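Presented below are the structures under discussion, each in the form of structure tokens.
Here chain A shows up in two complexes: once beside chain B, once beside chain C.
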Partner chain A sequence: MSSGPIQSMLPHRVLLALLVTLGAVTAPHVLHLPPWMTPLIIVCAAWRYQAGSRGWRLPNRWVLLLLTLVTAGGVVMHYGTFLGRDAGVAMLSLMLGLKLLEMRTRRDTQVVLYLGYFLVVTQFLYSQSLLIAGWMLVTVWALTALLITVNRRTTPSGWFPHSRLAATMVAQALPLMIILFILFPRVPGPLWGMPDDDARGVTGLGDSMTMGEISQLSQSAEVAFRVEFDGPPPAPPQRYWRGPVLPAYDGRSWRQPDDRGAFRPPLEPLGGEIGYSVTLEPHNRSWIFTLDMPVQISTQVTVGSEYQVERRNPVRERIRYDARSALNYRLDPELRDVDPAPYLHVPENRHPRTRELVRDWRGRSDNDDELIERALQHFRDQPFVYTLHPPRLQDDNVDEFLFNTRRGFCEHFAGAFAAMMRIAGIPSRVVTGYQGGEINPTGNYMIVRQSDAHAWVEIWQEDAGWRRVDPTAWVAPERIELGLDGAVPESDQLPAMARRTQSWTRQLALRWDAVNAYWDRWVLAYGPGLQQRLMDSLGLGQWQRMLSALAVAMLVCTGLLALLILWRQPARRPDPAQRAWERFCRRMETTGLPRRPQEGPRDYARRVATARPDLEQDVEGITSHYIALRYGREPHESELQSLHQRVGRFRPRRA
Partner chain B sequence: MSLIQPRLAGNSAPIHALLRDAESVILGKRGQIRLAIGCLLAQGHLLIEDLPGVGKTTLAHLLAKLFGLQFQRIQFTSDLLPADITGASIYDRESGSFHFHPGPVFCQLVLADEVNRATPKTQSALLEAMEERQVTVEGETRVLPEPFFVVATQNPGSQIGTFPLPESQLDRFLMRIQLGYPDRAAEHDLLRGRDRRRMLNDIQPAMDVAQLLRLQAEVEKVHVADPVVDYVQALMEFTRSSDQFHTGLSPRAGLALLRAARAWALLEDRDAVIPEDIQAVFVPVACHRLHPAGGTPGSHDPVQAAQVLEQVAVP
Partner chain C sequence: MSVMPTTLRRVAGPWLDRRLGTPRKQVRLAYRRIFVLPTKAGLAFSALLFGIWLGAVNYTNSMAFLLCFLLLGLGLLAMLHTFRNIAGLSVKAEPARPVFAGEAAHFTLRLENPDLRERPALELRYEWEPTVLVDVPAGTDASAVVSVPTKRRGVMKLGQVLIQTTFPTGLVVAWSWLRLDRSCLVYPAPESGSVPDPEGGSGDAGSRPAEGDDDFHSLRRYQPGDSLRQVAWRTLARGQELQTKRFAGNAASSVWLDYDALPQLAMEQRLSRLCRWILDAEAERRPYGLRLPGKRIPPALGADHQERCLRALALFQP
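The block that comes next holds the complex of A and B.
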């Protein structure tokens, strides 16, 4: 096909606007497309642009077929499947790019635009942030304007024709969108549940701790969760967010035990209760975070023998729960139903130098408390350094750390301390989670980031039960009081948001975080549970009622919009002469000679005169009167009166 | 009782004489004659498209005679040059200087016969003169006489060895009409009657140039009410949104419709345009500006154009 029809179908500017819009639609996907696909799509777009502006030939059918097969094969090779979120989106983007190469007719262009709408929707499979939602709204608006331009056959003017109309249409669709959002029945769990896809690229604590892991996590300023407190927030030394508890030790790393006891150890709250709600970002594990120690949680959870709070399913979407914690407590003071042996286990041949040191302390101490004190003092008195970049540990990591490197992050101190306690015969376990949190003055809530990740130790003593001991607090008290930024040396690399400086970019970022927190709380948190609660309170608990309410609301909304449009129409009052003429035409209809809509008044009068010579005089008079009033120059008021009178007197008989 | 004032007033008699005389020479073509005269009154140029021998040249000649206009005929051929139309400066040996010899275009009524036989370059020389009503030769602009009226004829474009006028140049003709074969009775009279060329020689002008210019001024004063403009807009909107046409009518086409309808109203002795006037001139004015969807480039279907009128309600 020659370039002529292509050009005339899509003027240069419209084509450019189309390609730019499609680029904007695809842009958020670029990061998860196979790396070769973005250049391919760009080449397709450039080719189509040259076809439109320079008259390049588009590839013929066979070339396109080959290209489609090869690239679709590439997608399958890359993902191993056609199915699933990533492969599906890649296929959709690929087809959009290739369709550009056969965009010849108006219909092709419409197909491309519809594909664009689909691609917009798929962005929700990756991100539901406010920014993406805004971006999607803009692209939908642009696509709509283009769709209008392509369907209207008049030559468009300006760089972005029909953008106003498209904006009006999108604005009119907004109330419908809100109604659907609130009333459309929600299905629990992500509708497109593809667990494999979700597992990737989620940062957070793991179910084991080896020295060096948490310090890596601390390089991330990503938000782990946000907390709103019912009252004033607890003091920094009490902000221990309990996560996975790791009692199993193999001499190198701390893990969760393979078989975890299902019973819940007795907890005795001793006051200092505090209520709060947590909005937890998805981290793809089942545990949730609470302040030490939780006494009440709104969501369905199990509390294991280590007092680790878990959900049944991994957290794959943002969840929100209310909790109450007792800051002072006594946990399992009798250790009645638990075998203490696992909490004392250290492999025989490990840490010989540490064993020697502990034996020495034991010999010089009267009781456990004194020994614990000595161990903590050791961290303070010896030249230990708290740093994000500890040297790599080779063989016996505890010995090496305690006697050689002496540079470590929280997991080094916690791991070494717990090992020492076990050697000393004191049951101990490592607890990981987050310590600290930053209050966002805008919105007054606390942000806990991955950089707040922390590890500490719990030791068990007669009467006291499990007690929290944080060796990091002895080495670097600033870590607990001020957060990571205050504790690590200036030279250590930290993400900007983990530094608590008062720069304006940080202030701005905090404001933006507050906006996002509202978005999360009021829009994204509206899941099946919240919907059910809201509907119950509105008396629409059953889904049949919900659907009827949805139907009624949609009808009312579209009705109101229609009324608004009718009302906003320029109220063109019908010409009085025209009203008289219409009355005349209605009377003529009864005689079986209706006026055809496309018939001018004079032609009509002639036709009537031929068919009904008896009416000729009246019809001729009324018609010329009407013509003069409607088409002539400034008619006189009295002439209008007389036309009305003539029509009033006109009573045609049936033929 | 007619509240629309007669517009012709003193000119009524000559117009009627004109129409009567014209219809006596060209038989059975009442509508086309009125359109041609209307086109002249509206100061527009006329394109007649039909097969040879149906009276195209006779009609053009007749118009010149009736209005008492100077008449020049240019037969377009493939070797005709622009200078053959506009004229050229020629060296005069006696005076020792160049002297401009005006071409045939310097005339009140120019008949461009078989305009699609000439090359596009030559065609555009004529078409530019039509648009500008002046000619620029060798850097000097010369004004064409007043009135200036071009009647171009062309054979249907499918014939071999022709250069069809491009769409943009077709737009410069206010109307395009087709004559067609006369009906049986008219053809009978034609075959029995005198030679048309000799009849032309006997025709006396029905009015002079001053009267014609006055009538042309009258056309511009014919009233167009808002409902008529609405109707024209509805017609244009229909052609733009309908699948039947590749492109719709341009705003210039809308202006041309109103201009032609004013002239038509004047010929009907009315001082205001009514929807029937628009309908009467719609096909000749709009057809050559509408390109049917799916048709070959340059094809214009009067039937399809007429169907537009059937599909748009009179407001």
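The block that comes next holds the complex of A and C.
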């Protein structure tokens, strides 16, 4: 039973379906696998196919063991480890490929199918889109149909019944899945550390800014987060999403200080409060984005001395939080308890030409405000160009940018402006985050993309406190009003979704984004936090209550499914011959000679013939036709007609 | 699964008896007669689910949770579907043809499916005998032959037959024990090898013709005790082995097969010898009668007569 000729265990068509399904499961991984692995797996599959159809021999166990060791070594060489996401997926794909060469028994095939299920999961570490969800349903269906086919030890009448049964089972499992998804207690992860490669390819703002970094990020149309506002959304010039604040300057790049104070400076809201919910895509950093300036936030965060909102753990999964912000505010007007020195620091020997320029301005200005005005005017009057593709800067980047290239992206303007302010003796710092956002009319929410990444400057002045100044707005006001698309030259390459032109493909894409937004918001962001909030609102906040609700829901749902599945569909109506025979028996009852319950047709006919010789001929004819139709090898249609006629004509009189 | 350790049998036996009931002609697999447990493959599947769950928690991956719960749902549904595959089935055993002790009795089980659904891949097994597989199409019936080895003569009851299925997924097994009220008549095993002819026939010695080639019937291997007059000397002269001539006249004259004429043998051996004699006599078309203590069947020939005699041997109680 468990062993035997491999051809008979897996008929040709089943084997083919199995290989195709496993191919579909592995295919999305091809891009992550080492380049030599895909051909290896294809060779394994082809070999197994030939073994099934042409009787090729499968390699013996020692050869296979050697091959496993060598290729596993190859994976470790390629990734430097066999742990972690990429290496783990490669190992799994490798095991699947090699297991194909060992697939001799029913059990081996079952192992292969289980590996297939597991490989489906690993795909979610790369993408969790709706399309992938659909793909999951299809692959689970196919794997289940194969599981049924492989497990069945008799020959099925065709592939269709199993496919249909698998589809039925997957459909019936969906309500159970939904109940478990909502009510099964979620444990906050991670359970063990994750190697860094898990976050590779995740884009987002970093903890430092060197000129040229944000322009890189801005070329991605990936969604950074989505926002629903409680009321109308703020006007475009108000859409500053605060991210990492970078006060430490070394003359080249702006970064976060090594020791950030836990001290939170006083914030005085001055009206214009706005409430909103954010669904934040994972970006593998701990920052949380809020509108300038946050006054309230629903998730566990710390607000640092720079008014930067952070979570304790990096955001590795989609999260959702509610927040309130004050659009008008006064932040730390006295700069109490804070040493202003770091906000004024510029290394001595840096930016000599800029220093000269600022000194000149200072001499011609009566106060700070005038000097600030002059600096901003400088950006507007001189031929500065706002572009996604600024030239590379070699040595003193601020001097080079201000006096030579004069082509830059937001970080050039912000960095240069902040440096100028510091030279002028005005405390300043660079703030990075996102500026803008596009309202999706379908679903009425705002999409903020990586292409909206931005950098601006905060300067401190007596009484006013920390004030936002965005030098980019002086160079390219369209950037703030219209977004990146309206600000950069036509010749700059931008991803299609970062352009705001109105085309039907874009409309369609926005609709699709709206569907995805719901998916992200209610399915993918559903973690321990959101579950707790939902349960609280349902009155199931305590875990005992939640577990009871889970048990009850599962029992009820399984009970209903059991009713559906075990509902006995009545057997087919008796066949026409049977019906004709029953009619004959009813007619005979009127003669006073009813058929006895255990009496077969032949015995009955014999008894009738003895008791009523006058009926013998008719009864004999009907009985023999009935027997031929019911038990004969291949009854003919004409025989059935003849039976019907005979029964129809049969009108026995009482004796 | 049908062979349980004795201690378990002692504890579970009464409970099983209550659930399965006493043997009857036809058993309908009602819900309470059916048992369901995961298979080894099902346990491995649970381990797989646990692995997926761990991964889902570690990566806080909602889709991994979705798949984990979808597969868990599939596992639960597998239980229901597997259960459904045998629930409501009616099984009856057809009478088994008598066999000789040592042969396998073949019971034909008729499985009636009253539902509109096919019931594929049902497995029937008697103790550790090979499994019989059968598909029962929708709304009709199918039959499967279960072989039960026999050891002793007499009436052998079918006992309980395991019926189980892992269809559709193989993750879960649903089973029941069919306690069917059927038995098979087991004749004594006919003695093998060479046996002496039944002697002491009923006064038929005079009618045996000494010669007469026209009555010659057949040749048979010589056995100790055969008359030297009947040895086929001619074939012996041709270098063949010693053979005894059989005459048609011999066959025509009836012989009594007598239990009491074999005092040197134990009871079962006597019955075996008698059985062999009956088969030989029937093959030779020689009328035979059977004398057992307390029973006497007059000489005759034919299948019915043979059956009657063999039945008497099978049911013989001293």
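The rule is simple: the second predicted complex is superposed on the first by the 516 of 655 C-alpha atoms of A that agree within 3 Å, B and C clash if a C-alpha of one lies under 4 Å from a C-alpha of the other, contacts with A are read in each partner's own complex, and residues count from 1 in each chain.
By definition in this document, a contact is a pair of C-beta atoms (placed from the backbone, for glycine too) under 8 Å apart; a residue touches a chain by one contact, two chains touch by 3 or more.
The structure displayed is predicted, hence computed values, not measured ones.
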item: Partner chain(s) touched by A:176 [first = chain B, second = chain C, both, neither]; value: second
item: Which superposed partner A:148 touches (first chain B, second chain C, both, neither); value: second
item: Contacts of A:92 with chain B and chain C, given as first, second, both or neither; value: neither
item: Of chain B and chain C, the chain that contacts the larger number of chain A residues; value: C
item: Contacts of A:639 with chain B and chain C, given as first, second, both or neither; value: first
item: Touching partner for A:566 - first (chain B), second (chain C), both, neither; value: second
item: Partner chain in contact with A:629 - chain B first, chain C second, else both or neither; value: first
item: Those residues of chain A which chain B touches in one complex and chain C touches in the other; value: 152-154
item: Contact footprint of chain B on chain A as seen in their complex; value: 8, 152-155, 575, 578, 597-603, 621, 624-625, 627-633, 635, 639
item: In the complex, chain B residues that touch chain A; value: 1-4, 223, 225, 227-228, 240-241, 246-248, 271-276, 279, 309-314
item: Chain A residues within the chain C interface of the complex; value: 1, 107, 110, 114, 117-118, 120-121, 124-125, 128, 132-133, 136, 140, 144, 147-148, 150-154, 156, 161-162, 165, 169-170, 172-177, 180-181, 184, 186-192, 194, 198, 316-318, 523-527, 558, 561-562, 565-566, 568-572
item: Complex contacts: residues of chain C adjacent to chain A; value: 41, 44-45, 48, 51-52, 54-74, 76-78, 80-81, 83-84, 87-88, 113-118, 120-121, 123, 131, 133-135, 138-139, 166-170
